[in-house]
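Letters A, B, C, D and E mark the chains as written, and numbering starts fresh at 1 in each.
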């Protein structure tokens, strides 16, 4: 019935292989390559839709499809298996849907790049790994996807490998992710080992884990450890404190990549993973708390940095980090549905934002190129007033900004409010988290509109020579923008909160995800308790907060453009810190990277070469020394030899006779 | 009576031995060595081995020593150029002294405890030493005797090979 | 008078000395032929001497087949398996040596025909040492051996080094003879006989005699005589000089034949004569073995002249042999015998390569003189490598098998530490053996080695040695069985 | 009364004298003479022991020792002459080309 | 036929070598292709082993051959006693599989003395195969030592500028260990005889049966372990490896990394551990520590290397740390992981050395600083290099992951949890040094003009790499093909060892009056 699931990852894989092997020599033409790439993803989107619909009409919502055995060693029996349930279904739609849009977009955006084929094969490969991650029926298959996406993000960030910065960013991304994977592996091992040796359940299959997880005992140390390890993995993948530093650098990659990987899909893997293991996490309140706090902290921390960035993509990157913070907040307070919900909506509007920025950069790049200028096409200080040149981009960008700012009835509104509501009212939530969240929301609104204004409004700061070269992008670019904008607008209605559900549509999403989350939420009674009135009140409040943010932005960047300069002048030190991202990268270099290298050098020069080889060669030298010493006993004088003999005799006789 | 004779001879032997070792000129050493041989021959007689005494004189004093002196003359080595390694002398003294000491010790502590055979002084007197030697040489010690002949052959050949001028 | 003759004849038993007898006859014949052959013509003499040796070998083999010991001459000799086994070693050594000698002597300008006779005499002397059951016979055998070796070592009378080698060897040899004799005298004094078996019986009969200082002193002094010939530290010091100075084939021969002979006599005396003193002598030899291995290997490291290096290596190999004697159990002793045979093959083989590689005067037998030799002369290079690997004791060569049995004996007897020291020593030895190969293969050739002619004789002896080394390495059990039978 | 030990001690003394000579003298021939001295010392103990034990072997042994001594003398002196021809000297210190 | 399959496989190269000696030295094409054919034939001869299902079911030795070789009544006896089980099976196949690749890789790389080179390669193959299949400790030792000789010459003659030092160091380093092992072998043999076992040669089957008092086990184990640890190489006995690898010619490094190092690990699995289980128990913590230190240390040192080959060499130290950790875990996951990791290391590191060789042939330098931006000039190489890099980093889906994961898991399960945790850190470091190296060599601008004209991989070189790539993914995705045939033997081994350890715990074995030390 669901036995063709494997088709979903299969198409992108094929696409990747075809483009990778034949792209350069055989296919050549961008059209063909792009078509293949896009088609592959589109196909798997179709298949996913088909199964999604099938699932809607199906009582049994959880299906574990086993392909064949992977490793069978003693108690460790790992299969290649897929898990298809509402959660993965939604993710599938998001990944393949947004994915195919972005492929389409890329055809236009990457036009004329020499590594075109390479790009598309990587992109398909990424979709494949992401689908493996999503569909993975056990922790290990998920891990394949988990590291696979890491690999692809490495490849795509390093797409412009001639740029050293790109190479560094790629390496950084992979290594930091590796740190996360380290946590993932440890969690996996501990889980497998504890369940097996103590409760006789040797498994890493998600369904069985969900089934037998309770054996570990609520709040027990081991489960806390396990979940914390997994969460470490999540922080790596989803760029949370302390492992978020790679994401901003990842903007070295082509913009569509940033949209797909570093906004819509990969970075949300952590959230997804926690959702997968909600049973376990729910059992560890301490971990939940940690998750919530880290999420909140990241949300606000990243937002602060977002204030002072001038690179349009960096702004978006930090906003992504901060939005991911929101999602983790949701997970932390037990609002699993809300988390996934926000994940989805975020995918829409953030993808839209990135693609919009891409469109802008694309335009700017062309313009500057035509004018033979080498200003930075990504620097917002060179932009402004682009609205009249590229209306579509402006419109979609604006809509997404509204959405992310949580303006009523845009997608962001529903998801974010649900998160805030849960963080306020959930049995695992707390006032503190809510406050932090709200402030973050306000800041988000502020810097997003700052970005919007600096880019599209005000008077144009672009070099006059480039001015008239700026124009709207081709349809392959704008079409995805429009689609995503629409989604960003209406996407929210799948999850209308109970409180304002005037037409009793019901929270479709919640109902749909129920089979995955409700059991947990009931078992460990995680729920948002509170009257509808409070909820509505909070909603209004948060809208107001959002509006404040927007207002401040408007004042500072529309009405009184001189203000920002004043501020930076006033709080120059603060500004410098914020501008330099609180010097976190430098801190890490100082604390971890450099000591490692130094120690490595020490080990090599001072230990390997000096000590060990010193000893080894030392034996040699000593031997030679003794040798060249002894050889001079051989004086060549007969009488010395005779004396030697006599001494020998005397000693021997002396020893035996006298001794 | 006999003991005095022994001591007298012993002293002479030791002195002459000492001279052999110390004389500057090899010729003098050779003479001293001759003296030693003769005295030893005396001892052999005292030990009821007249035949040994005889060949001691003949072989050693007669043949070997003559050969040596002949060589010395041939190579006309005067007094050995005295390259004195004094410290070597000290060491040598110590070692020689130690050897003497040890052997003295060995001889004192240990005692020859062999199975005593039937050859007694009066038997020697009755049968005659030469005949006894001859008997055993040609019965029991036939093989060593033959080997000895080969030995001499080898020595001759060797000497010839070493000294003859042309190839 | 009658009875005297009868008793004399009664003692005679030629089958007990047949091999040496044949050799002696051939030796004398050679001397005569030499007299009548034109000067400088020695090839036919060489081949005749080889014929003699081969005949002897055949006889010996037949003798082995009928596998019964012949005694004779009033218990002065015993042609038992032990003797026969060693005879084979001597014969092998002699044949290999003579094969490589002829062209060598011509090259060095000393085509002396007595040379071959002397080698035969030496071999005969060695045989008497191996088969002698009376200290007297052994002593005389030893002297025949030594005296002819003095001559052979100093054979190149025009060459100062050769003179020096001969003279040193002579003086020290005579000196050591003094000690040997003193030892014999003391033992004679204790046991009242010079017959080894009788000494053994006397000692086991009179336990009191064991405590007698004269016995032990006699044992030690007697041993020094043989240890000198074997070249054991501290009686080894003549070895390097003499080996370096003597004509190369003689060096090869000395390092194999006489050494084996001394070990044979030594073994017979220790095991049959002084078996009751085993505690003492095995302890003495333990120390000496360690010293010998160590000094030999360590000093060899800093040698640059190959002949001298091989001399030191032969010292260390004497040490390995002693290990087997220390063990003094069946496998140890037969291990030693096997080892001597293996050593004969590999060492003479190595020297044979040197014989071919040398210029006149052999100034070039240094490490530098071998740079890139392996490329220019592949056959010799490969052969040398195999011999060196065998000397190192790497499988599957004779050297490995030999070392293995010797150490196995030691371990079985519980001398673990001795074995460990032994293997560590051979680890040290790796260095200088490898270095030869480093020069032969890892260095660029400096000269084209045009003077190296592959003379038939030497090549044959190299090939024979190779066969021996590999045969003993791959299928040691046949020979090992012989050695086992030879053990008394 | 002369005991066996008298003779043995005497021979021991001679022996060590000989050793001393071998170790000190520089002239090869003299060294050889010293060796002869040592051999004679041994002979003395052989003969004394033989007559003490009352069997012939010892004396026969001495007989052969003498033979050997003669042979060695022949060869040894030949060697010295050969050496002398090349170096005009038979001082032991002069033959030290081969060393180390 | 099949009852002599192993002998045929083992001695085919030797025969080939003998024939090779009669080919004229200047006819290089013939020499090369002949060698290639011989190795290929050997591979195909060995292929049936892979498809024998007996390994799935039985832990017994298969294809056993027995012939009395040396038999000296009373002294000792050694037999030509060979056979393979699930443990040695894959190592044998790895050997026969790598050899043709190694030969092919030297097509252009040997400047002089092709004949000697090829002859030595063939000799080496015989030695290695022999070591893997021998069931007689003595026979094993013979092949074990025999391996040194060809390798010594390969490094010394065709090596880099510091080759002499490297070759001699390699030889002596390894020989010292094996000599001590020889003593232990002899000792344990006589011990077995003394304790009344009727030894049939040095057959390990009988050695497995004997019981040795713990105190004695310790010494013997140390002697064995020392020798094997040098070969593996385990920290801190690893310093011969970087030199040997850096100086050796490409084929040499490939074989050294892919197969020779496995001798050590294999030695542990086959001899040291089952013979002396209690001693292992005693030493476990220390050994495990060494493994972990090796992993971290190797990675750290690799990180700061400036020479690509040295870097890979040090990474081997780290990888083999994983192998040993898994092996010492003494449970199925660990051992299977260790074993599969041996194969992986053979494939991945072998491939890495090949790649370094390719680059070296083009540029005659291995200094990382000399490169940069090669990706632009040689896309194919870049792709392959990248895949191999990630397989050696242990990316899931490639072979490296399976091995490392199982090894860690095994260690984790067997009381070595904390070691496992630290080892996992090594996984991070692996990413660091490999990617950094990859970036510096392949990425960046093509600054160095010398690199401007580099040619991409030739058809031959691609052909060399393809089989390796196939196995990178095959093992990554269908490792069961290997596990199925390993597991029975491993289970048997583990039961046996564990059993002995239990016995030792409950009742202390009292020795027969064993050989006294003097």
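In this section, contacts are C-beta pairs under 8 Å (C-beta built on N, C-alpha and C of every residue); 3 or more make two chains touch, one makes a residue touch a chain.
In this text the structure is predicted, and so the values were computed from the model without any measurement.
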Label-sorted list of chains bordering both chain C and chain D is A, B
Note: chains that touch chain A and chain E both are C
Relative to chain C, the most remote chain by C-alpha centroid is chain A
Min distance from chain CA centroid to global CA centroid: chain E
Contact-pair count is greater, between B-C and A-B, for B-C
Relative to chain B, the most remote chain by C-alpha centroid is chain A
Whole-Å distance, C-alpha centre of chain B to that of chain D, is 7
Per the C-alpha means, the centres of chain B and chain E lie apart by a whole-Å value of 70
Between the Cα centroids of chain D and chain E the separation in whole angstrom comes to 65
In whole angstrom, the CA-centroid distance of chain C from chain E equals 43
Multi-chain touching residues of chain C, meaning two or more other chains, are 136, 140, 143, 147, 150-151, 154, 157, 166-168, 171, 175, 186, 188-189, 192-193, 213, 217, 240-241, 431
Shared-interface residues of chain B (touching two or more other chains) are 88, 91-92, 95, 99, 102-103, 105-107, 109, 112, 114-117, 141, 144, 148, 151, 154-155, 158, 162-163
Among all residues of chain D, those touching at least two other chains are 8, 15, 18-19, 22-24, 31-32, 49-50, 52-53, 55, 57, 60, 64, 68, 71-72, 75, 78-80, 82, 92-93, 95-99
Pairs of chains in contact here are A-B, A-C, A-D, A-E, B-C, B-D, C-D, C-E
As the complex stands, chain A meets chain B at residues 639, 643, 646-647, 649-650, 653-654, 657-658
The answer for chain E against chain C in the complex is residues 70-76, 113, 141-142, 145-146, 148-149, 152-153, 156-157, 163-164, 167-168, 171-172, 175-176, 179-180, 182-183, 186-187, 190, 515-518
Contacts from chain D onto chain B in the complex sit at residues 1-2, 4-10, 12-21, 23-27, 29-30, 32-34, 36-37, 40, 43-44, 47-57, 59-60, 62-64, 66-75, 77-82, 84, 90-91, 93
Per the touch rule above, chain A residues touching chain C in the complex are 620, 623-624, 626-628, 630-631, 633-634, 636, 638, 640-642, 644-645, 647-649, 652-653, 656-657
Listed in rising order, the residues of chain A that touch chain E in the complex are 20, 24, 69-74, 76, 80, 140, 143-144, 146-148, 151, 154, 158, 161-162, 164, 166-168, 170-171, 174-175, 178-179, 181-182, 185-186, 189-190, 192-193, 197, 596-597, 599-601, 603-604, 608, 612-613, 616
